[in-house]
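Dropping the structures in below, format is structure tokens.
After this come two complexes, each holding chain A, first together with chain B and then together with chain C.
Our next item is the complex of A and B:
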């Protein structure tokens, strides 16, 4: 960045400071030897990492979050990819309306959806919180599955499938041998995006927690409110490390900016 | 694959959408258990006249507008510099701007607790430099919420602005400069008007995100700086006042729908003019 545009450059620096510096401070306090969130940290130690890894509520919540994110992602793809096919390849009445309907969970505030599912399904129908969480997260991921794989499908030539059908392949065989491989990058992007979104979600999961099944972000929020020690900083640093791994995988496969920014570079 | 039956593939998805989203949402908004729609309308009316509730709505909308403005003012220059840069560092900086989107909001917001807390870095710095005798109260203020929400939504603003600026032909910049326009005049006369639709999208996303965010007002605003989202949570799980919860949910949803609709109208007008 040359300084030929001093105003733009200083605003840009300010923007990066606001985005990145708080994250660096989390990492710095995670390695403190002291017992408070004081800055500068007192000494260097790994004691808070040991504490976090030995703290059962966090480990249980981590496993719950991973399980939920994985199941919701798979479910959203299994349900969402056929919807994409129906929209782009089928003779669907009111195509635009159907597509809009599947994108609608993106517009309604997640906290409102969470309240609706809590009140109507958990209290009204007395369902356990795990199936309700799974329904909620799957609904929230459907727009990604439909829109991201839809973008791949729009680029794929329907003539290829017709050629396969003309050569005698059944519709199912044509899908698995021709269409699905064409969709692979879209499915991968949608899956990664869904997994991360589900794993990090707070507003939807907030009201849908129970003693037996709680997600990690919600458990961390509760912990911060009760005690003010660096264990959450250590847990955050572990999550940061995991997120960096996912970002690197995304970059090496489909391209980071393309998946998460919708930017073709 | 083009057949009448292909349309049936949308059915499982539609069923999930109806049972797991549309029906529960409509039932919650207009007919919660033991509450008549009239109760909700009454509660909505009182909220829109009561000074305490109005202050919360005002804070939510006000902070949303401030955060939107800050995100555009900081995000557009970043998008502009990155889109126009030929440096190989531009790709790294773009990735650095998008990366926070993948990171948990709890982790990102927690950083401000470390920075703004009573023993936090900023307070220590101010007292250490002798600028103030005692660290000022930074946490649980509107400033803390603005900082937290700006950090959260700046990446979204950058991405939307970046796509818009990248579509503006750099040849136009060169032409304007060649005709004698200053760099500043080229920026305001060419780049900004042509990437305005991207800014509208960015502003909509940031505003809708800010007025519905929960983690940031909860951690950085506490109980002294209530917003619609924290209020909605306490009506649903602390006081269990379904009528108030539905009324708050309606206000929040209408806010988001209104701003999305407005941006669609502005975007269409921009496209036809």
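Our next item is the complex of A and C:
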């Protein structure tokens, strides 16, 4: 951001303020000694963090969320990476169409996807909500898996695979010794993004919840509707800390410029 | 002279586009053959067919006398240097060079010895542990060469190997590649669009255009007797003079003389000087004249004699001896 573009610079600063300040309020109230969600916080204590960590519905929901996000991430990568390879390197007819299909979950409203899954799978086929949630979240993450690995594949020189072939590697050998190692950072950051997307998802998880399996954001939403104490702020702060750690890892390994540069291509 | 590889009636079509059009070509063993031509002439496609990266639409490719038309690249045993070098960024220089040997199950100590030997050949023994990204373009190029040579290929294929280097390094690497070729006795096929590179490096050059071979032979043969106007123009001939019978004669700028009495046989034309470019050692004098067919022709004379007067607007006589005139096929 250069000072030679004052309008863009001020807009960017305003944007950061709008996004970050409310989060700071939440974090600040989490450390309150009082018993209501109020700013400024009354005194400093960690009691609401202790309360959050001791509140079983939150801990159960956290474990559910982690389990769901982890499984959905693995599934999305297992489906998405080969699709990316086929789009970028294969002789696939209608590549654009296939890519569009796999990116469409970014555009289709999640409520529509959720409702469709609810109607067809949970009501129609009487499936449990966990497999349906898993399907929904996987679909939601496919765009990340396809786009982010695609971005790192597009940056890799296709000549590398040819060079490996010329030196005596079979296509499979060339893939595992050259292409895959080069894609590893891309796959890693696709996984991180997918994980965060699933973990934070509300619309799908809300529609597809059940008494036995409920994700953390949905459980927190329920909680806030009934009681207005700082435990939710404390939980949010813990999740925020986790997300920041993941973001930092992603930035260190691949860099956001590369991840999102690929998406905007 | 044995033949290392051969194209027999090879055609390559991509949709409606014919990249290579029914070529027959023999690559002599132990020599450096260049495929020369402008972009789109089919030289790179020919090289890629030889390497096995694309398969001809029709025709056969023989390597060491055996049909290799459908053999995948990994079973051809050729060494290829790509224009982009295509070094594996996640491996060190030594790992890059050793990659092909590892696939050939060459054991540890022997592999290290051959990696070292290949790197020494290109003068990069001291960089074995570096990552390719840390190297300069010229060094990367040498690593790519070492990697291709390490597998002791039956043919070494070079795709525009010097085009990404700066001018001085390019000239240096020409000699370097010649030296490596001489030391290893390898059969080399080099693709280039640079006629100086081809003239300087080749034992044999093949000039291509629109997927066909226009002329082949030793550089001096091709240069002194271009078969047609395209070849002549590509090799830097500039003066094309039409005759009454429709044939075209060409003569190099350095063989045109200004203001000397006309030779008994040969060329003698009246013209007007339109431009003079002073270049230190010589002057390039552009003239306008009319040929026997009545067409206006622009000629360029390379004048080394400082005493010869030539200023824009001067009427002069340009001459050339018969021995320097080359009649071209249409």
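Convention: the second predicted complex is superposed on the first by the 236 of 265 C-alpha atoms of A that agree within 3 Å, B and C clash if a C-alpha of one lies under 4 Å from a C-alpha of the other, contacts with A are read in each partner's own complex, and residues count from 1 in each chain.
FYI, a residue touches a chain if its C-beta (ideal position, glycine included) is under 8 Å from a C-beta of that chain, and two chains touch if they have at least 3 such contacts.
Quick caveat, the model's predicted, so the values are computed rather than measured.
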Inquiry  = Both complexes share chain A, so when I overlay them there, do chain B and chain C fit or clash?
reply    = fit
Message = Contact-wise, after the overlay, does A:246 reach chain B, chain C, both or neither (first, second, both, neither)?
response = first
Message = According to the stated criteria, A:153 is in contact with first (chain B), second (chain C), both, or neither; which is it?
response = neither
Task = Mind working out whether A:61 is in touch with chain B, chain C, both or neither, as first, second, both or neither?
result = neither
Message = For A:183 in the superposed arrangement: first (chain B), second (chain C), both or neither?
response = neither
Message = I'd like to know which partner A:234 touches here: chain B for first, chain C for second, both or neither.
response = neither
Ask   = So, A:165: does it touch chain B (first), chain C (second), both, or neither?
value = both
Query = In the superposed arrangement, which partner chain does A:208 touch: chain B (first), chain C (second), both, or neither?
reply = neither
Ask   = Does chain B (first) or chain C (second) touch A:22, or do both, or does neither?
value = first
Inquiry  = I'd like to know which partner A:122 touches here: chain B for first, chain C for second, both or neither.
reply    = neither
Inquiry  = With both structures fitted on chain A, tell me whether chain B or chain C touches more of chain A's residues.
reply    = B
Message = What does the superposition give for the shortest Cα distance from chain B to chain C, in Å?
response = 9
Query = Which residues form the common part of the chain A surface touched by chain B and by chain C?
reply = 162, 165
Query = Considering the complex alone, what residue numbers of chain C touch chain A?
reply = 51-53, 72-80, 82, 84, 86-90, 99-100, 103-104, 147-148, 151
Message = With touch defined as at the start, can you tell me which chain A residues reach chain B in the complex?
response = 1, 4-5, 7-9, 11-12, 14-16, 18-26, 28-29, 36-40, 79-80, 82-83, 85-87, 89-93, 98, 101-102, 104-105, 107-113, 115-121, 123-124, 135-136, 138-139, 142, 146, 158, 161-162, 165, 171, 174-175, 179, 196, 199-200, 202-203, 206-207, 217, 220-221, 224, 228, 232-233, 236, 239-240, 243-244, 246-247, 251, 256-257, 260-263, 265
Ask   = Given the complex with chain C, which residues does chain A contribute to the contact?
value = 157, 159-160, 162-170, 173, 177-178, 181-182
Note = Counting only contacts in the complex, chain B reaches chain A at residues 1-10, 12-14, 16-17, 19-25, 27-29, 32-33, 73-75, 77-78, 80-81, 85, 87, 89, 91, 93-115, 117, 119-121, 124, 147, 150-151, 154-155, 158-159, 162-163, 166, 183, 187, 208, 212-215, 218-219, 229, 232-233, 236-237, 242, 245, 249, 252-253, 256-257, 260
